[in-house]
Each structure stands twice: as structure tokens, then as C-alpha cells.
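Both complexes below contain chain A, partnered by chain B and then by chain C.
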Partner chain A sequence: MKPLKYLYDWIDVRIGARDIVEKELTGYLLPRNINVWYSMGSILLVIFSLQVLTGILLLIHFVPDADKAFTSVSNITNNVPFGWLIHTCHAVGSNMMVLVLLLHMLSVLFMGSYKRPRELNWLTGFTLFTLVQGICLTGYLLPWSQLSFWATTVATNSVNAIPVVGSFLVEFLRGGKLVGPATLGRFFALHVAVIPVAIAALVGAHLFLLQRTGVSTPPFGIKDSSNPWKGDTYRYEEHPGGIPFFPNYMLDDLRSISIYLACFLGVVFFAPHVFFPATAFLPANPYLTPAHIKPEWYFLANYQTLKIFPSEIIGLAIQGAAMTFLALLPFIDRGAEKHPLKRPVFMVCAIGGLLLWIGLTIWGHYS
Partner chain B sequence: MENDGRRNFLGICLGGLATLAAAAVSFPVFRYLAPRSSKVTNGKVTILEKDMPEGEAKFFEFAGSSAVLVRKRGGELTALSAVCTHLGCIVQWEKDKQDFLCPCHAGRFTPEGVVISGPPPKALTKIPFVVTNGTITVG
Partner chain C sequence: MGALLMIFRSRTGQSRIFKGVLSGLLLTVFLPILPSLALAQEQQEIVCIQCHSGLEEKYSQPVKLWRSSIHAVNGIACNACHGGDPKDMANAMNPARGFLGVPGEKDIPAFCGRCHVGVTKDYLSSAHGLALGKGGPTCVTCHGSHLVRKVSLELISEKYCTQCHNFERAKLIKDAMLETELLIVAIDGRIEGFKNQGTDTGKLEQSLFAVRNRFHTLFHDVDVEKVKKESTQINGELKKIDNVLQGLDDARRKRKIAGACAVAGALLAGLLFHLLRKTYA
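Right, the complex of A and B next:
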């Protein structure tokens, strides 16, 4: 350990490493009643890193060309050593990311952490949510299977309902009248360059904001669960006498991450086909629409909403309104109380909305 | 004190588990990235004798690398590695001069692979071959 201590001293006298550790790790105190839901953000960081890593590995063998994409993916899964593992991890990981993202959002919702002064955390988070949906959608097309091709056709087609500019937008999205090689080119660029960089930048902003506001106090297990924010001047939310982030909460984070990884690897090894229907193994054929084309589970509610309404524009408008409402929630729900049981209106709307979403998803799955 | 002992023990267990996990991740990633051994068909290449006129050379892939078969004026055959012994460029056959030129730093070799001039430190590697009923089998 001597040489390590020497190295640490060497760095410390130059850049004040101990100061940083004292301030951001051992001296960074978290509320005593912090709970496991506060680990969702760390799990998301791990998932995103794994997606980047497996994605880079896939890039080595993937060929973004409509004639070769499908065979290049088959080559990865069938011939390249452990290619099946990398590919399955990437595909399952994308689904897990959406799932954990939803849990993170729900915990923030129920604990009222989106309330001031954390509106910007919520807004950057919400933008991350749409970007993750975008990266999933664009990645879905890349294997150029029947599933990718037709799911993308249906998804991009819904934009058609927008009045006046709809048909132009669809063509612009696809790079042509129909989904084709031009679509693959632009979706590939979005999926591997534009969106990941945007996500990384926004995660940076998200964490910066967290660092400036300080972690919120969970509303559970304390007498006064109302928002302590006064709004007269900037104040970092401190937690005197709290739990040090390092090593205490970091170990909690590591435990949550390990449990997540166990679930993730469980799916990868024992149930990978949950996420691969049979049409995922057929090369795209633009002249043959397979029966029962469905989007991924997290888009089923959107899909079903579009189907219920006789006019697509109404279905689209309702979804747009719901998303806008959710994005602006911290500005609409301005009450000081944070405990969910003391917020009856919020609880009714949140649980009602959640049940509606689950109901539409199940309906979409069976319709 | 007793606590310190436990703490060290748990720390070592954790470190061991982390090392195992790292190994379990590194092995597939290494295998995924490692070059695949090229499917060598019993390591031999056959060329018909009638495809090898006098004064000509024929380049081909051999054991995952480049090789050349040359028939000198006068009829003698030689099989050589085409990889220059200087910095690994592929040599070219100069039909008019009847020698090999490495275009990278102008190394020159005779049809037998012996260095004539330039930086290459040693001769091109010879590859064994046999001729039977008009077929040349290299390797």
C-alpha cells in the first residue's frame, strides 16, 4: 500500500485530491432516511455505460448497409465468439434501461422530488426519457429484420397524422417515401453518434444540477414532509448528521447495482427470447408485411391510443398533451407537501395514469 | 480490533469476487476481439503448371499471408513468402528485370529471394512445393 499512498500524496499536493474526496465523497452527506429508490439513478448510469460498451463492440462487426445489415447481425450472433452474448446484452439492456428509467421517474414522482427547486432536474430527466425512447426506436431498425422494418414503418407512419406538414415529416424522417436504405443510414447515424452524445451531455447536466441543489430529503419517516425550500436565495440542501456517500451509500448503490445485474443476466441467459419474436429472425422484405406487427412493449400504450381513436390526429394530440403535461408537472403541481399519502389529488392522478398506461399496454399487446 | 479483522476478511472476499467478475467479463470480450484463425484448407495451395509460363510470377494467399510462385526464364520454379523482410510490405515482380522490387523502400531480391540491394536484412522465406502430373502443390 506504500506506493499507492505515495501516489495519492503526489497527486494531492498538486491538485488537492483530499479536498475533493472530503467534499464530494466522505463529506457528502445524504439524508438519514434515504431509501433504495435513490439508487435507480446509479443503476441507470451503469446500464448506459454497458450499452455504450456493448454498442462499440457490436460496431466492430455490424455493417450499416441494407443489403448486409441482417447477415452481419446473424454473423455476430452465430459465428463471432461470444457475439451472441454481446448482442443479447445490448438488446436486453435497452429494454432494462427503459424499465429502470420508468422506476426512477415513478420514485421521483411519488416522493415529490420534482418539486422546486428541482424543476430543472425533472426537465433534463424528462428530455433524457424522450432521448432514450429515440435511441431505442432508431436501434430497433438496425438489424434490418422483418420486425425492425415493419415496426419502423408503423412508428414513422403515425407522424403522418400531424396536419399540413405530416407527410413531409414522415418522408424527412425516412429519407424517402418508404422505409428503405436511406432510413437505415440516418437511423444509424442517430443511434450511434447523435443520440448517445446528447444523452451523455444531458446526464452530465442532470448530475450537475443534482450537485448544485443537493439530494432531496425523502418524505418518509419524518414528521414534517413539506418542501423545505424557501425560494428567497440559493441554498444547497444540506443533511447535517447524514449518511456519508462514501463508503456507506456507495455500498448501498453497489448492492442495488448487483441485484440489477443479477436480474439482467438472468434474462440474458434464461429468457432472452422474451425480447425476440420470430419476425426478428427473418430478413426485411419490403413486399411482405408479416401479420401482427407490434412495437416494443414500452410503445404499446402509444400504439393502442392511436388505434382507439377513429381519427389519428386526436390520438396523437392526446399523447402530445399527456407528454407536455408530464414535462411541465413541476410547474403545475406547486404544493409544498411531498408525502404521497398527504397528496390525494396527486395520488389519484398518478395511480389512475399508471393504471391507464398499464391497461393500454396490455390491450395493445392482445389487440 | 476484532472488527478490523472482519472488515479485512470481507474486503478480501469482495476483492476476490470483483476479480472473478472482471475475469468473467474480460474472457468473452477478449475472445470477441481476438483475430479468428483463418480457415486454412489443410494448409496447401494448388496451381496448375500450365498457368505458370516462363518469366512470370503468381501471387496467392498462403497460410493467412501472401506468397508468390515464380518461374524463371529457363524454367526453374521457386515458391517464396511475398512479405519483405525489411518492414513487411509485399514485394512486386518486375518481369522486365526478372527480379522482385519492394515498393516501400526499394529493396530488391532475386527470383530465389536473395537480397540484391536496399534495406532488407535477409532473403525472402522459401516455401516448399512439389510438382506432380502438371499440378504444383505449395505447402
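Right, the complex of A and C next:
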């Protein structure tokens, strides 16, 4: 251990490493009643890192050319050593990222952590949710399979329903009248450069805001000992007598991450095709439309909503209004109470909305 | 909003910028919704089907039969056999556009043989083919004309064979080929299963295609001993394909064992972190 201590001392006298550790790790106190749901953010960071790592490895062999994309993916999964594992981790990981992100947002909603002074935390988180869906959508096209081609054709075609700029947007997204090599190029650039950088920047902003406001106190368990924000001036929410982030909560985080990895690896090794129909493994054929084109599971509720209404624009408007309401929730729900059982209106709306979303998803799947 | 648009539209350059900005904003708000607009897109049917579907039974029946055929499954439409222009209602049946119409009985093998070249050769050299025009069967006698059936041993049946002769000899041939047929069907299903899960089955499909074609040449043969001998050789070829599939199964089994270890490792790590956390209470 002596060489390590020597190294630590060597760094400490130069950059004050002990001060940083004291301030950001051992001296960084969290509420005593903090719970497992607070680990969702750490799990998401792990997922995002894994997506970046597997994505870079895939980039070594992937060819973003309409004539070669499908063959290159097939080569990765069949010939490249452990290519099947890297590809499956990346594909399953994208779905898991959306799932964990939804759980993270639900926990924030039910524990009232979005409330002031954390409006900006919520807004950056909500934008991250949108970007994650965007990166999933753009990544969907890259294998240039029947599923990718037709899902993208229908998804980009639907943009036509937007008033005024609909047709302009369709061509802008596709890079032409139809989905083709230009679309692949655009989606590839968005998927590997633009959106990951935007996500990384927003994750940084999200963490910065968390660091500035302090961790919110859960509304359950022991009495709150923090110094709540009054709205008059900036105040970091401290938790005197709380538990240190390192090593206590970091171990909690690591336990949650391990359990997540067990679930993730379970899907990767035992049900890798649960998210992918057979059309995901056929090369794109612009002249052969598959019998049933359905969006990914997390878009099924929206898909079903649009089918219910006779006009696409009405369905779009309703969903646009719902998304706007959700994005602006901290500015609408301004009460100080955070305990869900003491917020009956919120509970009715949240549980009703959640059941509606699940119902529409199931309906969309079987319709 | 409308007035704003008019102002911006009056200046082309600014209009483009405005549209770009507005597009970006709308895209951000609607991005989570847009892909869900995956509304089923009906493929436009060719004019032959559009027209014939509405005609009297005699002319609409072929469309109904074709819909259940192997041709329909593989996207082989009316014009692939009968010619003509499937996109131009007025000239769909114009000989100048290659329309051939209905072939005479003697012309049927050549009609089908434009695509099924090898099989036509087998047929013409068989007892069936030699009797063409003398009361012998044509392709459609066994395979159907519009309700074209997928080639399988089911075609050698009392129902079809007794249209012309008794079933005794045909039954002997069918029994000799049954094992091979079952092997081909089983291997085909397994290849399909691997293909549907992303395995590159191109070479296996090619091998099976070649073996199946060789097997199908026996379908028009009536020499029982020759059929038995050839079937045994074909079974040997199929065994080689089966061994490759077995190798893929083994690889998957090993992956699952590795996966079980990985999952167990992650759970064990979780347990260790949990126990370590307890010591810091």
C-alpha cells in the first residue's frame, strides 16, 4: 500500500486531492432516508458509458453506406470476435436506457423532486429523455434492415402531419424525397456525433445543477433535517448528520448497478431478441413493405393514441400538449408538499396517466 | 402566426431561416411522438388485381386462388406469368406491352419453364412429359394454375395421381422419399430460426437450395430404385448441413453457460456490496 500512499501524497501536495475527496466524496452528505430510487441516475450513467463504449467498438467495423451497412452489421454479429456480444449489448442497452430513464422520471415525479428550486434539473432531465428517444430512433436505421428502413420511412413520413413545415421537415430529415443513402448518412452523423455530444453536455448540466442545489430529501421515513429553500436567495440544500456519499451511498449505488447488470446480462444472454422481430435481420428492401410495421415499445402508446383519433393532427396536438404539460410541470405544480399521499390530485393524475400509458401500450402492441 | 409567416415568406432567405428554426423547435417538441405515427401503409395493388377482383366469378376466381398461392407469398404477381403492364389500366392486356394471355395446353410447360428451367427439363424427359399432348398431365395438373402449391411430397397423393392412373407405384416412390423430405423440412425450419435471430445463414441456405433442387428432380422420376438410391445420397448431403447447424447450437449453448456465469457474477457482486454497506451502518 505504501506506493499508493506515496502516489496519493504526491498528487495531494500538488492539486489538493484530499480537499476534493473530503468535499465531494466523504464530506458530501446525503439525506439519511435516501432510498434505492436515487441510484437510477448512477445506473443511467453506467448505461450511457456502456453505450458509448460498445458504440465505439461497433464503429470499427460498421460501414455507414446503404450498400454495405447491413452486410457490415451481419459481419459484426457473425464473424468479428465477440461482435455478437458487443452488438447485442448496444441494441439491448438502448432499450434498457429508455426503461431506466422512465423509472428515474417516475421516481422524481412521485417523490416531488422536480419541485422548486429544481425546475432546471427537471427540464434538463426531460430534454435528455427526448434526446435519448432521438438517439434510439436514429440508431434504429443504421443496420439498414427491413425493420429499420420501413420504421424510418413511416416515422419520417409522419412528420408531414405537422402544419406549415411538415413537408420541408420530411425532406430535411431524409435528405431527399425518400429514405435512402442520404438519410443513412444524416442519421449516422446524428447518432454518433451530434446527439451523443448533446446528451453528454446535458448530463454535465444535469449533474452541475444537482451539485449546486444539493440532493432533494425524500418525502418518506425520518423527519427532514435539511435546510429547505425559501425562494429568497440561493441556498445549497445541506443534510447535517446525513450519510456520506463515499463509501456509504457509493456502495448502495454499486449494489443497484450490479443488480441492473444482472438483469441486463440476463436479457443479453437469454432473451437477446425480445426487442427485435425477424424483419430486423433481413436486408432493407424498398420494394417490399412488411405486413405489420410497429414502432418500438416505448412509442406504442403514442402510436395507439394516433390511431384512436380520426385525424393525425388532432392526435399530434393532444400528445404535444401532454408533452408540454409534462415538461413544464414544475412551473405548474408549485405546492411545497412532496409526499405523494398528501397530494391527492397529483396522485390521481399520475396513476391515471401511468395506467393510461400502459393500457395504450398493450393495446398498441396487440392492435 | 399567419401574419408572421406572411412577413417571413416575403423574404426568401429569412423564410428559410425561419422555417429552419421553427422546424427545429417543432422537432424537439414532437420528436417523442413522431415515430409512433407508424400507421400501416397499404401497398397499392397492381391494376390486374384491381380490375379482375370486381369482375364476375369466372374472371375474379383466379385472383382469389392466387392470393393463397406460393407465388403470392413470394411476390410473383399476374404479370410475371401473363405479361402485360401491371401499372397501366388501359394497356394492361396490350400484346405490345408483352401480354401473353392464357397458354394452350401444349404450351404450359414452356410457359412455366421461363422461370422453372431445370424442373421443366426434368418434366419433359419424364413419363409425364413424354405424354404431353397425348392425355398426359401438364404442370398445372399437379401444381395448380393460380393456386400454385409449394412443392412437397403432399403433391404425390391419391387425390392428384388418381386423376390419371392408380396410386400404387406413386406410393412406393413417395415412401422412398419421405425421410429425405422430412429432413429437408426440419433443416429448413432450423435455418429459418437461426436467420430470424441474425445468424448469417447464406451459405447454409445455398447448400440446402442445391440439395433440395437435386431432390426435386426426383419428383418427376418414376424409377423406384433410382429414387431410393438418390434419396440415400441426398440424406448424406443433408447430414453435412445438419452438422453445421449442430455447431451453431453448441455455440449458443456455450454462450448461455457464459451468460449464466456473468449474471451470477453480477448478483454476487451486488450481494458483496450489500454486505459491505452493512458494515458502514
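Please note the rule applied: the second predicted complex is superposed on the first by the 361 of 367 C-alpha atoms of A that agree within 3 Å, B and C clash if a C-alpha of one lies under 4 Å from a C-alpha of the other, contacts with A are read in each partner's own complex, and residues count from 1 in each chain.
To be clear about the criterion, a contact is a pair of C-beta atoms (placed from the backbone, for glycine too) under 8 Å apart; a residue touches a chain by one contact, two chains touch by 3 or more.
Quick caveat: nothing in here was measured; it's all calculated off a predicted structure.
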| item | value |
| --- | --- |
| Chain B versus chain C as contact partner of A:Ala161, first or second or both or neither | second |
| Contacts of A:His339 with chain B and chain C, given as first, second, both or neither | neither |
| Chain B versus chain C as contact partner of A:Arg18, first or second or both or neither | neither |
| Chain A residues touched - chain C or chain B, whichever exceeds | C |
| Chain B versus chain C as contact partner of A:Ser74, first or second or both or neither | second |
| Partner chain in contact with A:Thr130 - chain B first, chain C second, else both or neither | second |
| Partner chain in contact with A:Ile60 - chain B first, chain C second, else both or neither | first |
| Chain B versus chain C as contact partner of A:Arg186, first or second or both or neither | neither |
| Of chain A, residues touching chain C in the complex | 74, 77-79, 84, 127, 129-130, 133-134, 137, 151, 154-159, 161-162, 164-165, 168-169, 172, 247-248, 251-252, 254-255, 258-259, 261-262, 265-266, 268-270, 272-273, 276, 278, 280-281, 288-289, 292-296, 299-307, 312, 316, 319-320, 323-324 |
| Residues of chain B defined as touching chain A within the complex | 28-29, 31-34, 36 |
| Touching residues on chain A, where the partner in the complex is chain B | 57, 60, 80-83, 85-86 |
| Of chain C, residues touching chain A in the complex | 5, 19, 22-23, 26-41, 43, 75, 195-200, 255-256, 258-260, 262-263, 266-267, 269-270, 273-274, 276-277, 280 |
